[in-house]
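First the structure, which I've put down as structure tokens, then a few questions once you've had a look.
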Amino acid sequence: MPHRAPGAPGHKANYLSGKVIKYYRPRGSAEIRHLIDNGFQAFNAGRLSEACQIYTEKMLTPENDTTVGLTIAGALTPAGLGGCIIEMMERGLVDFVISTGANLYHDLHYALNFSLHRGSPFLDDVELYEEGIIRIYDVLFPATVLLETDSYIRDFLVRSKIEGAMSTSEFHYRLGLDLLERNPGCEEYSVVAQAARAGVPIYTSSPGDSSIGMNIAYHELMNGGTLMIDPNKDVNEVCAIILAAKKNGCIILGGGSPKNFYLQGQPTLWEVYGIPKGGNDYFIQFTTDQVVWGGLSGATPAEAVSWGKVNPGGLPDTVVTYVDSTIGFPLFCEYAVGATHNRRPRKELVHKRDAMISDLLRQAKAAGDEKPITSEPPEVDRHR
Amino acid sequence: MPHRAPGAPGHKANYLSGKVIKYYRPRGSAEIRHLIDNGFQAFNAGRLSEACQIYTEKMLTPENDTTVGLTIAGALTPAGLGGCIIEMMERGLVDFVISTGANLYHDLHYALNFSLHRGSPFLDDVELYEEGIIRIYDVLFPATVLLETDSYIRDFLVRSKIEGAMSTSEFHYRLGLDLLERNPGCEEYSVVAQAARAGVPIYTSSPGDSSIGMNIAYHELMNGGTLMIDPNKDVNEVCAIILAAKKNGCIILGGGSPKNFYLQGQPTLWEVYGIPKGGNDYFIQFTTDQVVWGGLSGATPAEAVSWGKVNPGGLPDTVVTYVDSTIGFPLFCEYAVGATHNRRPRKELVHKRDAMISDLLRQAKAAGDEKPITSEPPEVDRHR
Amino acid sequence: MPHRAPGAPGHKANYLSGKVIKYYRPRGSAEIRHLIDNGFQAFNAGRLSEACQIYTEKMLTPENDTTVGLTIAGALTPAGLGGCIIEMMERGLVDFVISTGANLYHDLHYALNFSLHRGSPFLDDVELYEEGIIRIYDVLFPATVLLETDSYIRDFLVRSKIEGAMSTSEFHYRLGLDLLERNPGCEEYSVVAQAARAGVPIYTSSPGDSSIGMNIAYHELMNGGTLMIDPNKDVNEVCAIILAAKKNGCIILGGGSPKNFYLQGQPTLWEVYGIPKGGNDYFIQFTTDQVVWGGLSGATPAEAVSWGKVNPGGLPDTVVTYVDSTIGFPLFCEYAVGATHNRRPRKELVHKRDAMISDLLRQAKAAGDEKPITSEPPEVDRHR
Amino acid sequence: MPHRAPGAPGHKANYLSGKVIKYYRPRGSAEIRHLIDNGFQAFNAGRLSEACQIYTEKMLTPENDTTVGLTIAGALTPAGLGGCIIEMMERGLVDFVISTGANLYHDLHYALNFSLHRGSPFLDDVELYEEGIIRIYDVLFPATVLLETDSYIRDFLVRSKIEGAMSTSEFHYRLGLDLLERNPGCEEYSVVAQAARAGVPIYTSSPGDSSIGMNIAYHELMNGGTLMIDPNKDVNEVCAIILAAKKNGCIILGGGSPKNFYLQGQPTLWEVYGIPKGGNDYFIQFTTDQVVWGGLSGATPAEAVSWGKVNPGGLPDTVVTYVDSTIGFPLFCEYAVGATHNRRPRKELVHKRDAMISDLLRQAKAAGDEKPITSEPPEVDRHR
């Protein structure tokens, strides 16, 4: 078998004949709200209905002023879900985002006006490889879209003279500003661009783990670039955002490392910084993973209580809906956009990161001056 | 509800009355091999049998000299699976590891001789929280184990004067050396320690995403430490390992970001560095995620072909076994330890990273001098 | 532990304070159709969209005149999905039904005007047992609802003097007529009643496997009743319906024995009766089971091809949507009710069963007169 | 597309080149017991270990004298699991069986010495159809095996002059005796034959729902046969077995209608017959279905408590292991066969059915003479 890259010339026409995937924007449909309120009564339909109620009647009410974190795992931007995220950020309904790198990388295709197509999950992948077609489950596009997007990223890295260690939120913010500048209007078609416009920080828990990270690594090795993602800054910023919030609540799409990254904010506060700030007040998850497989993606809000990740008093305000996010999230967003509190003043946290970090530092130092939590000889049992 | 940390004093006796979890070491049982060969004939039992055969009869044969990457997601060290990983590394059957941070963090409990206990997934988490008991599905231990382990990490960070930007493999290597020095013999009880001894590099795809990362972040904020994980180095090292291999093969436990991080090695080569090195020759996964949910954890080897992640000619040598790793992996390791090629010279890749990176740089430069892959005007279609 | 029935007196007020579950009726919402057409583009949302198109643009077009079988597994009537089924039968969009007995039994609660309530899946079942509350996942109702419904069934068995061996379709038809007579208007609240009114035969693949079957068994043992469900009649009637159809198509909710019972119709024709009638032309399934677990519920249309259950040429017109039926089916019904061909002349198959059976007999005899399929010495290999 | 049966002549050699599937017999391996006791410590491995302990240390101890019901769903005999079931019945470790018809039908292939082959789930089903190869997930065999097995069944129906209404246990018993007579020694290769020899009644919850039922239906329609499965008899026999037991316990493989049929025994007693006999004392399930999908297959022992299906005091003695039965059940059987109480006097319930039914009738009549449970005016709320 010849060792080579996909992307060889070929007659791709057939594979790319499916409809172009667009970023669907939720409109607040009253009929969808009617269905959710009256037809979604039990089982996961019931959970989806509960999630809509917790979000619109508790998290988004002005008196609670909840800081809403959205975590994204699974290939949602390739599936066209970016429009939901854009709408929510634009309306101030999501305050910060933790995403896999892949979702942000594939969002750039939309920003750069490349097309992804509806396809099928049942194709012959060896043939796709021969034809230079990339497949994400049932989404298809030519390998050149990858190469062009990579080219844009590497060009941005060189052009912007971006240097030094920084958080992913800073990197994504600068990338978003560049998109806004070079592709005016693209904030309607790009999560990264809209986030920059709306002041929503975007974090990536596994920064090397996508084509964005791959291209930054290239830049360091080949160009001697000094740009480096500093995960410490991400940990501390997310921690500081949670500490600064009046109430904390999350919308978790999928699970994976973004879920873990979000949820570890509270343990970081008490376990590492010694700051007695309790866990999440609200917890909404859409997933198809299961608690019995024992992984974090499927772990329930209840399990998170023992870690101090979820406020023990808050279990009634937590819900897991077992449904593919591509079905559940658009329904949820339609409901939210049609709700009473469907627009909030944007927190624009991206501009408040330094202040929040300072406050974290101040509180951590104050906590450290008190009798430390581990001063007593530990009564820990041993296994050998 | 009072906002505070778990860990308050209480009568924990009951919750921790379950057996202490030990690192079980596979012994190469002939009876287990008999069952796998003769009783595991179809469905996922058949797949498990195939995985055992691909590993022992193809990947491990001397003529193939496969570089074996092991990726770890899901709470496997808390469940006592570390002994399997230790055995495999010690025997040279695994050449490098990509793990979630949590598995490495919880491995430290074993290294430091703290006890985790068998429990139940059906406990009252509010009560556990009150009692200061941490629950990982059905594994229980006191919150003090976390605090003591954190304390060890922070002490190591200060004591070792470890500074600057580094890969996770370097950080874990140094941590492992410290464990070996301070807890002689702990390489039998700790994956991190054994990896350091056996020269097996351990990467973490989401470096801020565990208590290890949380404590490094603390060190930066509170102590002004300059230690920083540089994901670029991880990307390039893994890429260089794959490039240097005669054949590549993986054992993927679970999925998640470690799976993605491993599999992106090949696309990094062709897509970013322009080096025409093909995909994986062998692919073994144990997972309970499903292809139809569309995420990377459940994506099949076939889908990876279109990305150049799996060699198109290699599909017969790929297998996914749908089973909890806590059941499938010990059976698989018993089989391997009892096989003909159950010991190989260790590659000790941790000591060859610089040389491999140099080679990556050299080949990437050579590739860049050729006609670049994107020189022709791209024929990419647009969605607006 | 005292051995006794649940149902002891107690203060049930709390558990039954949730909203009463109603049979939601789909209205053909244009806004839901817009979302499905434009927002459900990929992954399972894309599959749901495809299912809607196959149903409304192929199965329901007059020229295809597809005989539509609906199979029902999972507790859908307790969850309030009966209204969707009623609407579909009333509009002639579903021609026959194969259901678990439980769905029909719990449908009787609605017919008899008893209330089921929205609840939670996280209740203390020992306490529920003490309180005499029955739980179906998150649906709650008092045990007296069971006892009253049983009482109605036993009363019907005695009162109607129903005797002898019969198909489940006949039994359900007579039960439905009784409901219509005694509870005028209940066809709006009961699948069994509406089916009798609309001439839709309802089959149960496991006739002893519900409280209906339990009460018939009681009637035989205690009253010496001769009523007996004859599964042979069910097998032959379903077979005859499929044989009589111009085209066959199914909507499978869940899977389980109803799915198997439906799909075995074609193999019965060729394998047992020797009639060369091919498999299904259209196949739509909503399920959360997975192909990799190897059971029939998760088996794909492709696997059914090798059995002659699905027409080999029809694979493009098959789709499996991996979603909880409580979410997927109401969306699907909204789409169908809003479509062009949203009403068809009802086939009223319940009144044509005898004629169709006669035709099956005639064709089977004709087929038997030809050279039998197994006349040649079989070339079957042996395992011992 | 031509409408015809699969089975056309062709060159099947390739598809059937995989190893012949044999009925593997567990041997009580000490090494497997060591792994389960010491290596299977947490998550589903821990659950599997618990299941082994509940079975061998509680259910099988002489003082408990548990009546053990085994329910079988999923294609386990095609996968070669029949040997485990044979071993358990022969040792008196399983007292009665409830199975899908498909498992019993495919068991006949082994009894009749036809071969099934190991294959792959990734074949082209249209090609298989053309070649006349039947696929059950990854098990392959020629369509002639179906035709020959059908031919045997129809021949048996004619030859044996079996007539009238009977329970499935009676039908399977007579079928087993016929196999024993015509294929001496086949009790080592056939569950149906061994069950007849060992006096283990086998029930099928959906009697029309397999090729056995299809052929009985043929016999009625074409030959005017009067053989008819009477589900009433099955309901009452299973009910009587449970009533007669000192303690009740089950091993549930998969779920589906066999699980429901087993579990409804207790509610039949209290809800229908008014006999205050409590629920199961022990409950072991191997499944990959999930509670959150809301179906009966995935329903937990806890949910069954509210229905009186599981003894409220017995929850500690219930366990669900989430694993493919093809992996979990052989491990479980190896453990049991190697345990202290690995052989019990066989209950031979097939010969005691009449006596047990008489006792059920007697107790039901006695219960009916007491103040009936529904005499008070029901306080049931209404939804309209």
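Think of it as A, B, C and D in the order they're written, each chain with its own count starting at 1.
Keep in mind that, in the parts below, a residue touches a chain if its C-beta (ideal position, glycine included) is under 8 Å from a C-beta of that chain, and two chains touch if they have at least 3 such contacts.
All values reported here derive from a predicted model rather than from experimental measurement.
Peer 1: Since chain B and chain D share one sequence, what rotation angle in degrees maps the C-alpha trace of one onto the other, as a multiple of 5?
Peer 2: 180
Peer 1: Count the touching C-beta pairs: is C-D or A-D ahead?
Peer 2: Per the contact counts, C-D leads.
Peer 1: Quick one: report the Å distance separating chain B from chain D, using the average Cα coordinate of each chain.
Peer 2: Taking the mean C-alpha position of each chain, the two centres sit 40 Å apart.
Peer 1: Let me have the rounded angstrom distance from the C-alpha centre of chain C over to the C-alpha centre of chain D, please.
Peer 2: A distance of 23 Å separates the two centres.
Peer 1: Could you grab the centroid distance between chain A and chain D? Build each centroid from C-alpha atoms only and quote it in angstrom.
Peer 2: Result: the chain centres lie 46 Å from each other.
Peer 1: Hey, what residues on chain C touch two or more of the other chains?
Peer 2: Touching at least two other chains: 21-22, 42-44, 75, 79, 137-138, 288, 290, 292-294, 322, 324, 326.
Peer 1: Given the complex with chain A, which residues does chain C contribute to the contact?
Peer 2: Within the complex, chain C touches chain A at residues 19, 21-22, 24, 26-27, 29-32, 34-35, 38-46, 48, 75, 78-80, 83, 118, 137-139, 288, 322-324, 326-328, 330-331, 334.
Peer 1: Using the touch rule from the top, collect the residues of chain D that touch chain A in their complex.
Peer 2: Against chain A, chain D makes touches at 42-44, 290, 292-294, 320, 322.
Peer 1: Can you name the residues of chain A that touch chain B in the complex?
Peer 2: Per the touch definition, chain A meets chain B at residues 1-7, 16, 20-22, 73-75, 79, 100, 102, 110, 113-116, 121, 125-126, 128-130, 133-138, 142-148, 150-151, 165, 189, 205-211, 213-222, 228-236, 239, 254, 256-257, 260-261, 264, 267-268, 270-274, 276-278, 288-297, 299, 302-308, 311-315, 324, 326, 357, 360-361, 364-365, 368, 373-374, 378-384.
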